[in-house]
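In the two complexes that follow, chain A is the common piece, with chain B as its partner first and chain C second.
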Partner chain A sequence: MQDSLKSSSYQQLEQKSKYTNMFLRWFLYFILILFASYFIFPLYVMVVTSLKTMEEIRQGTLLSWPSGLNLESWAVAWGGRGYGAGDTFLRPYFWNSIKMVVPAVFFSTFIGAMTGYVLTKWRFKGDQWVFLFLLFGCFIPFQAILLPMARTLGVLGISNSVVGLVLVHTVYGIPFTTLFFRNYYVSVPTELVKAARIDGAGFFKIFFKILLPISAPIIVVTVIWQFTQIWNDFLFGSTFSFGEAAPIQVALNNMVLSSTSVKEYNVDMASAIIAGIPTLIVYVLAGKYFIRGLTSGAVKG
Partner chain B sequence: MKTLKIEELSKNFGSTEVLRKINLEINEGNFLVLLGPSGCGKSTLLNIIAGLETINEGNVFIDDYNVSKVEPKDRNIAMVFQSYALYPSMNVRENMIFGLKQAKTSKEKIEEQLEKVSKFLQVDQLLERKPSQLSGGQRQRVAIGRALVREPRIFLFDEPLSNLDAKLRVEMRREIKKLHQQLKTTVVYVTHDQTEAMSLGTRIAIMNHGVIQQNDTPENIYNKPSNTFVADFIGSPSMNLIKGTLKETSGEISFTASSSNIEIPIKDYEFKNKSNLNNKEVFFGIRPEHIYFKKSNESDFEINLRADLSEYIGHEQIMTFDYSNQEILAKFPSTIKIQLARETKLFFDLTQTSLFDAQTEERI
Partner chain C sequence: MFKWLEKNLPKIVMAPAVGLIGWFVYGFVLWTLYISFTNSKILPKYELWGVGQYVKLWGSRKWLIAVDNLLIFTALFLIFCVVIGIILAIFLDQKIRAEGILRTIYLYPMALSFIVTGTAWKWILNPTLGIQKMFRDWGFENFTFDWLVDREMAIYTIVIAGVWQSAGFVMALFLAGLRSVEDEIVKAAKIDGASLFTVYWKILLPMMRPVFFTSFVILVHISIKSYDLIVALTQGGPGISTTMPALYMTQTAFHKSQVGLSAASAMMMFMAVAAVIIPYLYSELRRENAR
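Up next is the complex of A and B:
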């Protein structure tokens, strides 16, 4: 009697816990879906709007579907309407940005790797201070270096050019890339370097043959970081370049803000998506290494 | 000609003195173990021999040639590291021939060396593998192989076994011993493990605070420690050091522990200096394994001590006894039953004792 009573009360408890768990699970999904839609919503509006004609935009709502796959605004955003003066479109500036971002990412990553290598494996007196000052560089706001940088570019004769922007971004990126590589190389056993020295390898040989081949995770992190920073930069681009030499973010701003006639929302949206696509591609291709690289510590031989 | 000679070597990092006036000589074919607690400077000394660390004072000679300012690669040495330090991006073959390639050795010579060494170390099946695909023992072997292919004058080992698990460690220890017997090369080997040092070394240099405490054969290190540090460091459990005074009456010397009246006769002890022994404050040293349960020599000294503690460790047991308020450890086979808190009759083997000056802590 006692036993059956006990087991029935256990059954009740079991039922109760089942319902609670089910409720919590559904609640969790509800919250997750809510957040997901919140984040996806702007992108949805952008894509949908870019595919509509101006007529549809005026008549429909923000959320309504386009009548068809209308890619005209994308063509206009990329290649213009073929007017003479005053027609701003993204193509030349897109290539400006590519020409700026590729060398800037390459040089800042390479220099960061070298500096990180020296700061961890070829310790010298005062290296701690060098690292500390480099770290300061991470905290200097963009605005603070505008004037001195403009002067420097002027003296070097490369203001208002892609080369100038490459220099600016490389210099500004070195503190970050150094920080990444330094923290990565700290966990690489120094005995590797000692072994290589006994084997007769010199400074550069050790770097290129021993350390660089095992640096893939941190290179990916650095490249993504630098690419995003430089591609999305507006301040340096708008300050140190104008007209022909401007990068894509500046051109996007000019397109969207300076149109004197009717606001073409569909073209604006298409332009914004085009300007954002390269960073998206980089994330999709290397994203999983990004997390892995950020979290990976020691290189297990 | 000495294969390796170190002369008045001193090293400091900033204001911390790491090595103080080290003098060391190694003959061809010897296996020298640098043994000491962590932070005693043994690894620094090894790095200096390798040329990876600079010298503040003194000189290092290899084959009578002063190499103090010579690059590591030109010193004709090879080194095996604790973490193996195999290049992660290269396979076993590339790892092993990296040094030869740097030295611009001819292709035929490289292949010949690689084949010889990889066969010898039984890693010839692993040549195409990456270090991450090897087990601990295999990595160890490849690391040794990388040192062997260069045919160096001196092998340097920096705690090469401490990353292995206990069982593998014993195996690899025997392999290193075999290797040395077969190749008869000169070896300098750093470790903090006394068993490793005892079983491998033909000579052991015990270091503490940047000074070599004793540089001797394993037998002498064990039987005739030159000071209390060495006596205490070697052996497990370490040597009992009983505080007391010496007495000299009509040529007969005896030892009495403080606050005790038992006189232990000192007969066949080899004193370094026999003068001024009367009333000298000393430590009487006897190892736990030289205290017996049964009388085994004529000269054994019989003594009754109270057993306080028993530690059973399988094949043997370690007993703690009270000797006029000083703890004494003794090691017996675990088959012997000893009752705690009772006086037990024990025998000190007086042929195996050491005496140290209580002030200088040096052997007398």
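Up next is the complex of A and C:
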């Protein structure tokens, strides 16, 4: 008798806690979805605005649905209107960015792999200090090197050119790529390298036959990190290039700020999406590697 | 000769990286430091002039506004990013359905450039066609949200956009931290009758001290260097009300041709970053050595 009483009160208690739990659960989802809408809101607004005509933009609200799939502002953002002066559009600058990103990512990744390899597998006296020496480059505010860099590019005759930007991005990428590769190669057993050395394998043979084949994950992380950083860069792009040689972020900013008679928000939004799409695609396809790079190299900001 | 080459090959391979960083980072910072002690205008001059540029800098109203804005921005940016990041991380940690999708949504702004972010928010916040109009069309006739063009409030629009971009990143850091804690600890606490709230507040969050530290360093670093977002969102306006040090530096150098003054402002930024980074590096190295 007493037993069953006890168990029923226990059941009541459990029932009660089930309700509070359910309530908490709903609350949890409510908050999570609330924040999700805050994060998704600008992207939604960008996409729908880019599909509207200016007439629709003036009449509707931010959230209102476009009347149809109106891709005209995308065409204008990408290829312009076809008349001469003052017609800025993103296509040439998009290619500038590609021409800048590909070599800069390649060189900085390659140099980082090499230094990371030496720092972990061919250790020498004071290599810790050399690593620290390189690492510090991750943290400097670039304002402190902007003025001498501008002069140096001028002296080298590559200011306002894609080549100059490749140099800049390669150099200031090295601290990060070194950090990535060094931290990855540290966990590769050194015995492997020692055995190969006894067998007579040289410096490069060991790198290409032993280290490189197992480096795929860290190469992906490094390439994604460098690609995102360089593609999204504005400070170097806007300081060291203008006009024809500008990368896409600079061109986007110029397009949005250019004060023509009528502000075309739909074209602005289409341009912004075009400038953001390559990195978004990388993020969606390789989010895991993106986050891994972010958590280990994000101090650059 | 060949023997020597073979023996020193690793060092030869290291040389380009060390040389490039030595020249382009250390050499350049020293050059900037030197120039900040000269009276350089359009072109650098190399006669020393003392601390005149620093005196001028701290007497400049625009610089003081920039520093003031930096403090406001950093404080709010930090608080909002960390609070939102922790809330999202803890909530996502409750065996949530569709966690993957939610995580992706919270973090995607991090893949966008600040110029794209600024462009989007500028459109959303513009009073004539943006949020203000949306609410007015919905029947809130007197709804006003014109911070973007309000001298006093414009700095907060930069906070809104900045938090939007970076809060997800703090979430990712904390989520990784929470996931790395042994389940046993949580289980043991629950058996002892601790509520979920107590478990987080008293046990897990205190264990996240290194994550707090890392987020703090990264966020402060981002905010000291923030430049693109301001350029895209307000260009430092209305007037000069949203100027920040990074913007001051480039404007002084490239629009006003005050190279010496600009170098002085760059060195102030450098020192601010160093003040945050050096303790961080020190503690990180100690942790690595302790391992």
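In this section, the second predicted complex is superposed on the first by the 288 of 301 C-alpha atoms of A that agree within 3 Å, B and C clash if a C-alpha of one lies under 4 Å from a C-alpha of the other, contacts with A are read in each partner's own complex, and residues count from 1 in each chain.
The rule is simple: contacts are C-beta pairs under 8 Å (C-beta built on N, C-alpha and C of every residue); 3 or more make two chains touch, one makes a residue touch a chain.
Since the model is a prediction, treat every value here as computed from it, not as a measurement.
Enquirer: Putting chain B and chain C on the same copy of chain A, do they fit or clash?
Expert: fit
Enquirer: Does chain B (first) or chain C (second) touch A:30, or do both, or does neither?
Expert: After superposition on chain A, A:30 lies in contact with neither partner.
Enquirer: I want to verify the contact counts: of chain B and chain C, which reaches more residues of chain A?
Expert: Counting contacted residues of chain A, the larger count belongs to C.
Enquirer: Could you look at A:200 and tell me whether it touches chain B, chain C, both or neither (first, second, both, neither)?
Expert: first
Enquirer: Tell me the contact category for A:287 with respect to chain B and chain C: first, second, both or neither.
Expert: second
Enquirer: May I ask you to decide whether A:276 touches chain B, chain C, both, or neither, giving the answer as first, second, both or neither?
Expert: After superposition on chain A, A:276 lies in contact with chain C alone.
Enquirer: After lining up the shared chain so the two structures overlap, which partner does A:63 touch, if you call chain B first and chain C second: first, second, both or neither?
Expert: After superposition on chain A, A:63 lies in contact with chain C alone.
Enquirer: Just checking: does A:133 make contact with chain B only, chain C only, both, or neither of them? Give me first, second, both or neither.
Expert: So A:133 only meets chain C here.
Enquirer: In Å, how small is the closest CA gap from chain B to chain C once the two complexes are overlaid?
Expert: 10
Enquirer: After overlaying the two complexes on chain A, where does the chain B footprint on chain A coincide with the chain C footprint?
Expert: On chain A, the overlap between the chain B and chain C contacts is residues 299-301.
Enquirer: Taking the touch rule as given, give the residues of chain B at its contact with chain A in the complex, in rising order.
Expert: Residue list for chain B touching chain A: 47, 50-52, 72-73, 77-79, 81-89, 98-99, 102-103, 131-132, 139, 146, 158.
Enquirer: Taking the touch rule as given, give the residues of chain C at its contact with chain A in the complex, in rising order.
Expert: So the residues of chain C in touch with chain A come to 6, 9-11, 13-14, 16-18, 20-22, 24-25, 27-29, 31-32, 35, 44, 84, 87-88, 91-92, 94, 96, 102, 104-117, 119-124, 129-131, 133-134, 137-138, 164, 168-169, 172-173, 176, 217-218, 221-222, 224-225, 227-228, 231-232, 235, 245-246, 249-250, 253-254, 259, 262-263, 265-267, 269-270, 273-274, 277, 281, 285.
Enquirer: Could you pull out which chain A residues touch chain B in their complex?
Expert: 189, 191-192, 194-201, 205, 209-210, 213-214, 299-301
Enquirer: Which stretch or stretches of chain A touch chain C in the complex?
Expert: That would be residues 28-29, 31-32, 35-36, 38-43, 45-46, 49, 57-58, 61-63, 111-112, 114-115, 117-119, 122, 124, 130, 132-137, 139-149, 151, 171-172, 174-175, 178, 202-203, 228, 231-235, 238-239, 249, 252-253, 256-257, 265, 268-269, 271-273, 275-276, 279-280, 282-284, 287, 290-291, 294-295, 298-301 of chain A.
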